[in-house]
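Going in written order, the chains are labelled A, B and C, and every chain counts its residues from 1.
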């Protein structure tokens, strides 16, 4: 009996340990589930916010309108139905707020109960009208035609440059500008950080003596420990004004500011991983080089670095991955303009910064909210690819080098 | 004076550890000298004196004289790079570079400032022929050196050392990581190389020492116990320790 | 064969140039660190006072202290560690001591590394949907702590694994030789030896958690809340979010700048303390292990 109890406790404990070990896996599964459930639901949706419709006169010959066209119509860039494939007739915009221009309060009734009837009549009487109204007002006996819009498509989402997620009546959900902003800033960061990081790694692994290394190592760790808001704050008070002055810009919040801050933040990753990679170069390999009359620098540049090349590239990829996912520091210094970047001296906006800046304002479960989750999905996919690439590289290194 | 390598009252310390004790020894050109002795007795340390490989280790202190071709190689004005061109080295485990076969052999030339591609090509062929590897690799010079077998890799390392035309070749247990057939090839190679080079070889394998060397030095706990013609040492050792060692009683 | 002319006479000069530039570049990296520290310490030190640390923010956060943010961050660190520390340690024990299945080991390692690579803002999104909405915790210490806990779990697992790995197998065999069961050996022998290293990992993850902003944006952090929380379902202010708010979107960014420097300095102090503690522990430990 006692033996049995003891065995049971043992099993119980082992079970608990096992369950704990599944938490990371479970978390990833849950992250995928929640992120993608919300994010993918964006693509089952038209760009018009739930509860609203866009209605036109039933005689109107226009069949289909895309969401950028709707935006242009309501921005009065498109003013004639001819421009979207209809008859030559000017477009008359109607938003629900405009109802008072047409009807008195009396006509609407004490409890506004007459509005649906009035709207129906209005849309029916003006051939060129396009009306953006609550869906509840366009019931069964509504005489206008409700425009059908295509659902937001993944392709458009990824390739459109326009990011106006709260535009009325039709949201513009193109993330290309955000994706390129993210990549520009991160690429800039890596280009800055890689030479500096690699030089430091080489210095620490091959040149500096043990004492210097023992001083440098904790300092690099410290650099890694500084919170990203503090980097953001430092960027805001030092780098941003500096860039504004040096390049004589209207604002210093630019992609470059983001790249510089991200480069500093990526340094510890790059240094630590490259240094480890350089250290894996077998002593015998370096000795062989020296024994052939190479000096130390020739040995480093021709043997040690090439030998560690895959590890160094893993460091660069991982650094890039970190930069892509970094939120706060970038949010604070890049100026966050959601337009296609042309140079790093303009404000740009990254995916993580967009999520951080906009999620607070987005209505729970609304279009904008979903779009931000879809951005989260993109971020998740990018970083997963980065992780798997790095895992693959390091697994291969281990395998090929005994 | 007919000695190409000589040490005189040589002592070497790893920090406080006295690894080589008062070693005086000379080697003549175009001979093969075997260094034998139990593990940890200082053979490798002694071998690595001649191309100053010990310099790379922190805390090494050396007293006494090491002469190569009559020159004190630990003198202040020694050009270590020049020395290492003259004194090639082959290591215990094959350690080719992560480069092509061609670039492995070209390496020594390139780092010594040779950029004449025609010369490099000829030299590579010559070295690979000398190392008895040419026929096996001539069609895949641009393949990675890691694709070769262990024995081929070791001969590649020998070719690599030969390419810069050293006069002395140091070998630290060059066949200990190889199979018997590859070992036999390396031994044959050593025999042929003797004609043009002076060879110092560390070996664990008594039979090997007997087969390839002209002279043998027996080390024990950092001391040179006995040094003489290989035949003599193997048939008629003067020291009891030597006798015990070669008859396999310890080590 | 005729030995051609050496075309590279200056290889040692090249070495000198290369080594000098690497040295300078390395010092540049250190300079960057010092520049950041110096700037924040120099401007922040005059702001820090007992009052600053213990008073409520006032006048639209342009005056007063940061007490609620300190308390908030303290609770979040505590909460996330209460969650992540046991799970992380148990998980590492399972991976390192129990399972022999190398596939499962590799799989868990892959998952742990992957989790570590997920950006913190994604944790924020996740925490918001799961803890705040689906489980109905609302914006609360509980939701924020759990989110931060998951984020830091990989750190705890990795450091614990390292700690366990550094325990020599002879100790384990010694345990078994005395007739102890596996569990007893782990509890009585392995864990005590690994303990200081595990604690080092814990300290480092505290540093990490206290500075994270993105995961708490939508799970707990309050923009301005001049009172202390009374339970785990309350919202709190937090140091990193406070720094973000007052330096970018406060009521008067220019006027709150001293407060921002003060807050940044407090964050930096936490990081410094954490690093010093971890390094001291490591050094002390290194000595102790050598003595044994």
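Operating definition for what follows: a residue touches a chain if its C-beta (ideal position, glycine included) is under 8 Å from a C-beta of that chain, and two chains touch if they have at least 3 such contacts.
Since we're looking at a predicted model, the values are computed, not measured.
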{"item": "Set of chains whose contacts include both subunit B and subunit A", "value": "C"}
{"item": "Innermost chain, taking as reference the mean of every protein Cα atom displayed", "value": "C"}
{"item": "Two chains sharing the most C-beta contacts", "value": "A-C"}
{"item": "Remotest chain, subunit A as reference, centres from CA atoms", "value": "B"}
{"item": "Centre-of-Cα separation between subunit B and subunit A, whole angstrom", "value": "59"}
{"item": "Interchain centroid distance [CA atoms averaged], subunit A/subunit C, Å", "value": "24"}
{"item": "Gap in Å, rounded to a whole number, between the CA centres of subunit C and subunit B", "value": "51"}
{"item": "Residues of subunit C touching at least two other chains", "value": "11"}
{"item": "Junction residues of subunit A, two or more chains touched", "value": "295, 298"}
{"item": "Residues of subunit B whose C-beta touches two or more other chains", "value": "81, 111-112"}
{"item": "Subunit B to subunit A touching residues, read off their complex", "value": "51, 53, 56, 58, 81-82, 84-85, 88-89, 91-93, 95-99, 107-108, 110-112, 157, 160-161, 164"}
{"item": "Complex contact set, residues of subunit C against subunit B", "value": "1-4, 6-9, 11"}
{"item": "Complex contacts: residues of subunit C adjacent to subunit A", "value": "11-12, 14-15, 18-19, 21-23, 25-26, 28-30, 32-33, 35-36, 39-40, 86-88, 90-91, 93-95, 98-99, 107-108, 110-115, 117-126, 128-130, 133-134, 150, 153-154, 157, 181, 183, 204, 207-208, 210-214, 217-218, 240-241, 243-244, 247-248, 257, 260, 264, 267-268, 271-272, 274-275, 279"}
{"item": "Subunit C partner contacts - residues on subunit A that touch it in the complex", "value": "10, 13-14, 16-18, 20-21, 23-25, 27-28, 30-31, 34-35, 38, 195-197, 199-200, 202-204, 207-208, 216, 218-223, 225-234, 236-238, 264, 267, 271, 295-298, 300-301, 318, 321, 324-328, 331-332, 352, 355-356, 359-360, 364, 372-373, 376, 379-380, 383-384, 386-388, 390-391"}
{"item": "Subunit B-facing residues of subunit A, complex", "value": "210, 282, 284-285, 287-295, 298, 302-303, 306-307"}
